Each structure stands twice: as structure tokens, then as C-alpha cells.
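Just passing along the structure, written as C-alpha cells.
Just so it is clear, A, B, C and D label the chains in written order, and each chain counts residues from 1 on its own.
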């Protein structure tokens, strides 16, 4: 219950610190009979790997996954699947300077208040390396979802004020630029912005958007375990996320009902369709059969070289400049983490839905 | 697991349909020794009651709470507290027209897809009456929190595009206008806007903001049960909420790190303070000791008298005009629901935090 | 989490004290589409009702169930089902004598140690009336199981040393005697024994046996949520149960492997059968397709008129004689409670099993 | 939810198969600040190691534990603790004969029915190696409990019909004989009995008894999460356990109330004591301050060389003789597993109890 467990039916437990021996995850509740191998997972981990461009940290993390249990003769057995990624490039000394100082925008102070002390090496449990376990488990969830025709796709929607133009939206472009933006013009502008921030020893935030295609109507539970509530929890649990939207999100609050309601129609093939999708594919907490659309707002990377005010463990006012290898923006590497969390949530509620009817 | 259970330590289970006999809630996990009586709860229920102005439905719901268990000689006993509110003013006939038609923006279609049929009377389980149970349980959570010096306060931040001006913010004003806006000028503008929408048979959305004061640093669990993740799930589980923010929310995604980081300082009394509160009181998923600030975006009421396209159960395209007693905006009555959900979440994580250290 | 919640998929939350307004239960997770009415539940409640013979207390409890939610047009809707039984015959004064004294064999002392005080009226939350909620929920579980061809049947196996003789076993006889024993000879002997104990102001214990027929092979989860582990928790959670067995139970510990193993065979119709059933229908925590057989040992009723040593709240040694209406043996009324707990467990794991395979 | 997760506050998730790469466990919820190192755990693992006498299998399993996370500078950090034991001595070929045959008394048939196929190597997930993870986690729970003055001690009570004589009971003797029996005479008799069974290619069962000393009164939750119910689930979830008792257990069912009730007294030092302990330290599901006493009945090892009837995957009747390295009795090695499960349960409920009062 200390918070590293996620999901009800498709349940995962993650573990590991930035500078411990490894990070890993156990999935308790993946159905038996799903074809699965390490390459299925590695493909997702490679997308969150650092060192892929000058906007992500230069650390070579390797991050090769090893499956330790739950797969036999190429299929999941129904018993727990454990995956581990060993920590190799640790360089502990880089972090000794922050041992007694609370970095602004980081969890250092809160950890000490909660537990009395903390693993100060590289953020410990709240390091971005923690997301490796999410992505590994999410890759399994994606494989399971794809078995049922469901696809989860995220991309960078904006960095700073530079946003994808819907007119220029081209998903294929996403994998062509290091910012994971499906719009080459916006990507170029954002890159220029990041260069400027690097020069200024500063950092940027941004928005990730995610589309979940193929979820049948009726997934999600009325009341507290609404599909949108569970997606919100999943995505807001990613470090640095400060906002979450489904469909039109905050814009819906400014619209009027006649604009915001999506009309149902039966099309010529007899399928139920919606004329618009302001709801983002969810009504009353249940999927309505159209694409599920969500957005997550990421704050700027808190580790910046610019000097900042802060305090130390002894309660003294001090100044801090955080040097070392830090992404000037976390958004591009977070894209696959958002996919992972969305997939884990949908997989869980999809299985849960098997119990809806006699 | 069908979704009407919320919380881990301070756990609640709610039940009841709009046109069933009653709605209610059981709290399993309220500590023993808390003074509690029905008036404590009624005070909160009265704030969500309809019929208080022309912008809320004219139904007289009464909504008197009855405590059935868990309180003895004026104190909670540690055993389950059950509270019930009987449904009195049901008028079932009003709703018979929608029995076979799927209202746009409502859960009707999803319910039928999920369960094969639905209780079509007044929204059944997804009626706004479901929030009575949340508010009753939330009132108990608020009482518990106040015992520890924690106060939860929400208000209407905006209706449509009419927003509280920070310069004019006056919390006392909140309870003086029927829109629960802490700014009389914005409230007047919003009221005028609502009049116009009523005339046009349309409806509005808006934003609720909530401040949680007095939470000690360290509440919330790293990784999945982050305080912000759990608050997001809690608030997004309220019907009609489409967006959620902590602190600066989506604005943080446009800021740069040196703007968004909150500097720590020790003040002259030796207290740890933050120079700003962009984080909204949460860092790394744990409270940082400053005020927790969150916002929820509510979509416009989907029930409108304006004619809309939709389909019926037989898969035919039809038109629908929804008459009857519906709020042109749900936001004012939702204010206390947001408080309730925030309080339930904080109470749960505050208790959980008792197990953080040996 | 305070312990009044049971089950994962088919989850129940119970509440209510002996001398409060009512006792009740909410089922969150009953699949939609199950025909259900109050008579289905009343039939089970009537079997635990007191006042049916001189071996059960003379209180007239009525115990009529009312369904408050979750059933519409005669079917479960998939949303929470709440059932309530009002407390009518309370006679609070009977219990005032025990307010400050800890009854031996009762939870009084533990309640005060845990919570600082207790609802001392008639046992409060640990009264036998608490089982009403279990039986009501169990009746719904039985209805669900019968839909899948599963039947749960319990009976009194022994009272004191008087035990059903397997040679004379006749299930039809169970409902003909007030002790629920499927053997008229053993029932007569046990009745005589109870008369003697009543004269001596003493009480008896006994054993309930339960057979679950029709569970397909594979229900139950390997490792911690084994079917037998979950049945043990379910049955041991009934007040007064001190022992639990599956199949041969403790006798298996004295047998050797060649005696205890059940040989598998394919019979002439091609069905998999077992030549014996020492395992009690469970292997490796999963049902093996044969009848599931369990037993629960109930201690003697602790409330006896005989004088006993004890202490009071002030820490003084005192004597106590408990007068009032108490069953000299709880076993006959507990038979239906064991059925209920077994049914709730099997229903939960049967639904969970829907997620075992892709 | 697939059953490899145990506990609410002190929660563990185990994983691993007999012939996979490793077995392991993650503890999510161990409080911060507990001194912990690998030697603390190894001590417990060494007690379940095979190859210690001729009554346990000759495999050399080594079973060295490695802590991968959650401990920093010799203390638990409050974040997940992962421990792993690598599988070294696998000899997969030994098991190929049973690939298509269902061993009587084993879970083979049930696994195939549940999941469609199984990891047939050495029992896969239901191998006794699965208990390594329980013991590793249990060692941490024991360390935590000892911090609060609580000690968990188990021993072999009987093997076959050969039982420890209370008159000769000597706990120090337990660690002197390979059967973990605290009575040298009974141990010698049991050893002779086992020699006879080995000669006859047969196996034995037995009973483990466990004493938990130092639990303060009030631990355990009324109703479903009773301390005894949770202990029953914990212990019955160990493979091969068929019966469970608290205190007098089944004997209580034959006693009368005046014999079975434990009188409370205040002794000369002013402490509350009980004159007897028939209750086994639990009343109404809560600890009563005296020693908690439980017993578990283990069935005989199902793997025997004697020829047995069974069936194969193709539904044909066949004969089977199981050769290889199998303990003729599992009880001695199970002693530490019972301690582990008891400790995990008490640790969980002890922490949960921190939330009982305001």
C-alpha cells in the first residue's frame, strides 16, 4: 500500500532506485496465452532511452530488459511476469553535492519529512528511471490490447508555447524528429526554443497527447472507477505532470451544452457513430466507442544550472546550481510513459469488464 | 470492484439510484473517537441541495441524512458508519420518454452497451443524486481533517468565460451569491450569461477551484499513489469533470524551469516556507507543507431543451428535446462535491501516512 | 480497510450493530442481469432466525430484508445492491449490566483496547446480528452460483461429541430437526445433551460441514488467493469459529501419501473423475472439479449463566453471570452463515477466473 | 489480482517458477527506518533449505538472497524492497516425463484447466520453491515485529501419528534434530516412521504449531479481517496445508462453555492476564494480549515412487511412478514458512491498527 502497486486485475508492482542495483516490475494478473518476448518490451524501452538527441541527457543507459518469470515457451502462463533492467551507468559521485540540500521542484524535502531520511543518490525512488518499470509493464499491456484491436498512440503536443498545428498534423513525422512531434514545423520551432533555454541554463515543459483507438463501448465503471478517473490517476502519477484533460478538457468548461454534446447517429453501415468527439470517447465514465483522447501537462525539468534559492537539512538558507546530465525538457521521453500508463489502465478495466454481465 | 468503492484506509462504498428508494454510503475505516452527529453532515448536504436559486433545479429534494451505524454516544466507534438519504420527490413519469432513446452527453448508451440494459429513470446510478453519498462521506472526512487542523475550501472559479478576478477575490462573498463565486462582479456577469442560455434552451460549464490548507509535509505516496494522482482520480470521478489541474497546471507546461520552481526559504520564525507556490503544494506526489491548490473543469449540463440528433435502442436516428427540471449549470452545486472528494482523498492518505515510519 | 469489506470482484461491505437502527450490506460487483427479489434473500435469512426452537434464543427478530438499490424490473443492474434489515426487538436495558465488565470469551476487552471505548449494547458490532448482512449477501451469491449450476449446502456435523454417522446421513433429515443435523439419531442425542447443558447453565460447541457442488476445475488462484485459503478466511471470519478443514483436513496429516492422493481416471463417458476425494475438491489452490468439502469448528457459546471470573474497566477482579436470551449452541443457526461465506468466496473467485486466459 | 499479492499495508508480491531464472518478492509498505541487511534474510532462508538431512531432498539449492532495492545505508527507506534468489540447480530433464501426465495430489490438472497449458517443469509456479519468496518477505516482517517486541516461533508438532508430548516439550531441542521437533523422543519415533515410508516408496504428513508472543491487545479488525481469519488465509495458502486451528481449534467444538471460556484476572502487578488460553490469544478477531497459538495440518508429500493411477493430457488412463528428489515429508522445511506467513499477517494488521483511533 506504500504506493508502488497499480491496477486491480492487471496489477503491477514496481521497485528500484536510480542508483540501486536495478529497477523492475512484477505484473500479477496478465491473462495466460499471450505471446510475449523480450523484444516486445525492448521496443518500448528504447523509445524512453536517454542519449538519443541533444535534448535528452547524454547518459548511456542501455536499459536492456530481462524477463525473469511468467513466460514459458513464448507465452504468458497467467502467473506473475517479472521484468528487470539493471542499472549500469551510475556515477554516484555526481550527486553527492545534493545530499544535504533540498532541490527546488524536487521531492527531496518531502521525502525527508515523510520518512526521516532519503536515498539522495540521483533522486532515489523518484528518479525518472522509475518510469522504466512503467514502460516495461505498459509494453505488455499494449501487446494485450493489440490482441483485442486496441492501439495506444501518444506524441508531443507542445513544448513551451510551440504547439502542433492540427492542419499540419502527420503522425509519421512523430518518429522522424527527436521531440516526438507530429508536425515538422512546430518541432523546428520547439528545437530552437530549447537551444535558447540550454544557453540560458533553463528548461521547458510541454504537453503530451494520447489517442486510444479501438476500445469497445462500455469499458470503465460508473462512479469512482470511471475510465477517465482511472486514466487521470495513471497519468498524474507520472512525475512532473500537473494537468490532465479528457476530450475538450478545460475548453469544455467554456462551451455551452449545444456545442459540447456529441450527437449520436447510425451510419449507412448500421454502426453507431458520433458526429463530434468533444467527450474524448468517454461518457459517464465508460468508453463510448469513439477514440479516447487525453492530454497531460508536464512542468519544466526542475534540475537547472541557474542559481536558485533553497534550504539545507540543517534549516539554513543556501543557493544551489544543479549541474550534471539533465534533459532540458522531459516531454519527448515521457511520450512512451504516457502510452504505458494509458495502456495499463485500459487493460485493467477491459479485463474488469468481463465481469459486468451474468 | 464494480467501481462504487473509494479509498484504501478511509474507504467508502456508495449506492443508490435517482429513482430508487434511497442513496447512501458506508464508511469502513473512520478512526474511533471522532465526535460526529447528523448535523455535521446535513450542513454539507444542504450546500448541494437543489432549489436554492433559479440556476439550480426546482426540485425540492429535502435530502435529510440519517446515520444508521458506527456512531455511539456522539462518537465514531471505529466500525462502519452508514448514512442514508431517502428519495422522496421522484415523479417517475417525467422520465419515461427517454427510456428507449440515448441522450447525447449522457451515459445511457454506454450503460446499455456495458450491462445489456439500464435503469432509465432519471439517469439511474449516474444521476447527480449519486453525489449525495459522496458529500455525506466527505463531510465526515472534513470533520476528521479539521481535527488535525486541515481545512478544505472550494468555490466557483469560472462559469463559461466569466472568471473570478484575483484582485477582487473575497471568500466571504462565495456564500452570498447563488453561484458560489468569491467575486460579486464575476458572479453578476455569470448570472446574466446563464439567463441568456436559459432563454436559448442551452447550458453552461465552468471551473471549480479548491484549496486544502494545513496538510503537513509528506502526505501522499511516491510513485502511483501520489497525492496529486489520487486527487485527480477523486475529482475526475465526479460526473461532468473533463479536466484537472494541480497548482499552475497547464500553464506550467508553457513556463520555463526558473519561473516554475518554487524556492524554499527558512523564515525568521525558523519555519520552512516557499517563495511561490506554482507546485500547488505537492512535490514528487507528496504534500510540501504549503496550500494544496487544484482545479476541475466541468462540461455544460448535457440535458438541454434544444433539439439534438441522437439514436434509439432500435438503432434508428431520432431527434430529442430534453424537458424537465435540469440545472443550466452544475458548477455551483458541484463546489461541495469537489470539497468532499478532496477531503476523502486527503483523509485516506493522511491515515496511510501513519505507517510511513517504524 | 477497517475490516468490514470482503471480496475482490464480488465485493461486499457490511455494517450495523446489535442495538443500532439496522444492519445491512452493499454488494459492489454483482453482474448485471441476474433475476433477484427480496424473497430470494428472505428464504436464507429465515434459516438463521432465532426463536425456532428451544435451543435458539427466544427473541422474535423478524429480520425482514428490504432491497434499497441495484435491482430494476426484477434484475440486478450491475450497480451496487444494498439490503437492510431493521432492528426491532432491542430491549437495551437487558445489557446495561455488562457495560463496564469484560465478558469471558467475548470481544469486550479487545474492543476497549483497540478503540478506547465500545458500543456495549449486546455486543455492538460483534453481535451475532452482524451475520444477517453476511447471509443476505450470501443469498445473492447463491443465486448467482445456481445460475452456473453450483450448489452450496451445509449442515450440522456434530454438537459436542455427538456426530452425524455417515451410514445414517440423510440430507432431507437436516430440515426436519431444529439442530440442522442430517441424522435423526445423532440429532436426538445432541438434543438430550443440550437439555443437560441448559440445566447446568452451560453451553456447547460443534462442527458445521459444507459441500459445494458443481464448481468447474480451475477456480481459485495459485499462491495466496488459493480457493482453500480464501474459504478459510471467509469461514474463520465468522465469530466463534476456531478451526477449519478442507477435505480430510487434520486426518490428512496422519495419513501417508499413497492413501491420501486421489487417483484421476477417465470414466466410460469420457469424464475426468477422481477415485477418492481426500483433497476435498481443491488441488494447488484450484478447484479440481469434484465436490468441495469443508468443515468449521465452532466454540461453545461464551454467554453462560454460570458464574465466571473476570475483570471490569477499572481493572478490578469481579464475578459475572450472564443472564438473558442466549443460544446454548450457535451451530444450528450458523449453518446458513457458513453457506453464505462459502458462496461469497466461490462467486468472487469464479468471476475472477474470467480473466485467467486471453 | 491473479493471486500472488498478499497483505494490505505491508503488502508483498511474489513471482518465479521452479525452473525459471529466479524466484523473488517485492515488499511495498515496509516502514522506513528499519535496520536490514541480507544476513537478516539469509538466516531464515537457510532454515528452509533442502539437503539438510536424509528426510529432505538432496538438491543443493544454495538459495542466497540478494536485496535489489529499498534499503539504503543499512536501513529500509520506505520504498519497495525487492529480494531475489537465483535458481541454480535446475536439471530440467528430470521432469520431462510428467509433461503430459497429471500427477495425483498435484496442481497439474487444475493448471491446464485454468490456463489452457502450464509450465510443467518441476511444478512451475506451484513448486515448493515458491515459498522462498514467502520466507524472504517473512524474515523482514519478523525483523519489524521484533522491533516491537513480538516473536514468532514455529515447530513440528507431529509427523504421522507421532506427536510432541507436552510433558517433554523443549524448544531448544527443536534446532537439534532435523525434523524441527521440540521433543527428542517424538523426533526419534518420527524418524523411524519416515525410514519405513522411504523403504515403502511412500510419504508422510504432519502438523506445524506456531506461537506468536508479544502482540498487544487489539490487533486485528472486527468482522472480515479478523486476526484469526487473516492468519487462516495466510497459512492455508501454503501448498499442502489442509487444516488450520486457533487455540483449542476442533477440540473447542467438543468442550462446553464453562471449560472453554478463559477467565480474565488482574494479577498482583496490575496486569490483565487470562487464567487459561483456550482462545489462542484471539477474541472477536482481535488479539487479547496472550500468546497467539495456531496449528496447520500438512498432507503427505504427493510425489511418491509407488505406482499410482492417473490420466494424461489426451484423456487416457495411465500409471505413474514419480522418481526424483522429493522430501518424504514437507513438514520440517515448512516450519519456517509458517513463521513467515504468520509474521507477514501480524505485521500487516499491526500497522493497520495505527489507524484505529483518532
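The rule we apply is simple: contacts are C-beta pairs under 8 Å (C-beta built on N, C-alpha and C of every residue); 3 or more make two chains touch, one makes a residue touch a chain.
The model shown is predicted, which means the values in this text are computed figures rather than measured ones.
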Requested in this report: Enter the minimum step count from chain A to chain C; a value of 1 means the two chains touch.
Outcome: 1
Query raised in the report: When the contacting C-beta pairs are counted for A-B and for B-C, which pair yields the higher total?
Result: A-B
Query raised in the report: Distance-wise, how many Å sit between the C-alpha centres of chain B and chain C, to the nearest whole number?
Result: 39
Query raised in the report: In angstrom, rounded to a whole number, how far apart do the mean CA points of chain B and chain D lie?
Result: 46
Query raised in the report: Where the centres are mean C-alpha positions, what is the separation of chain A from chain B, in Å?
Result: 26
**Report entry** Junction residues of chain A, two or more chains touched
**Finding:** 1-5, 8-9, 14, 29, 32-33, 78-79, 114-116, 125, 222-223, 352, 355-357
Query raised in the report: Any idea which chain D residues touch chain A in the complex?
Result: 1-5, 8-9, 11, 13-17, 20-24, 26, 28-30, 32-33, 66, 68-70, 72, 75, 77-82, 84, 114-119, 124-125
Query - In the complex with chain C, residue positions of chain A that touch it - result: 8-9, 29, 31-34, 76, 78-79, 144, 147, 222-223, 351-352, 354-358
Query raised in the report: Mind pulling up the chain C residues that touch chain D in the complex?
Result: 1-6, 8, 14, 102, 104-107, 109-111, 113-116, 125-126, 130, 158, 160-161, 197, 200, 202-207, 216-226, 228-237, 239, 241-250, 252-266, 270, 272, 275, 278-280, 283-289, 297-304, 306, 308-311, 315-317, 352-353, 355-357
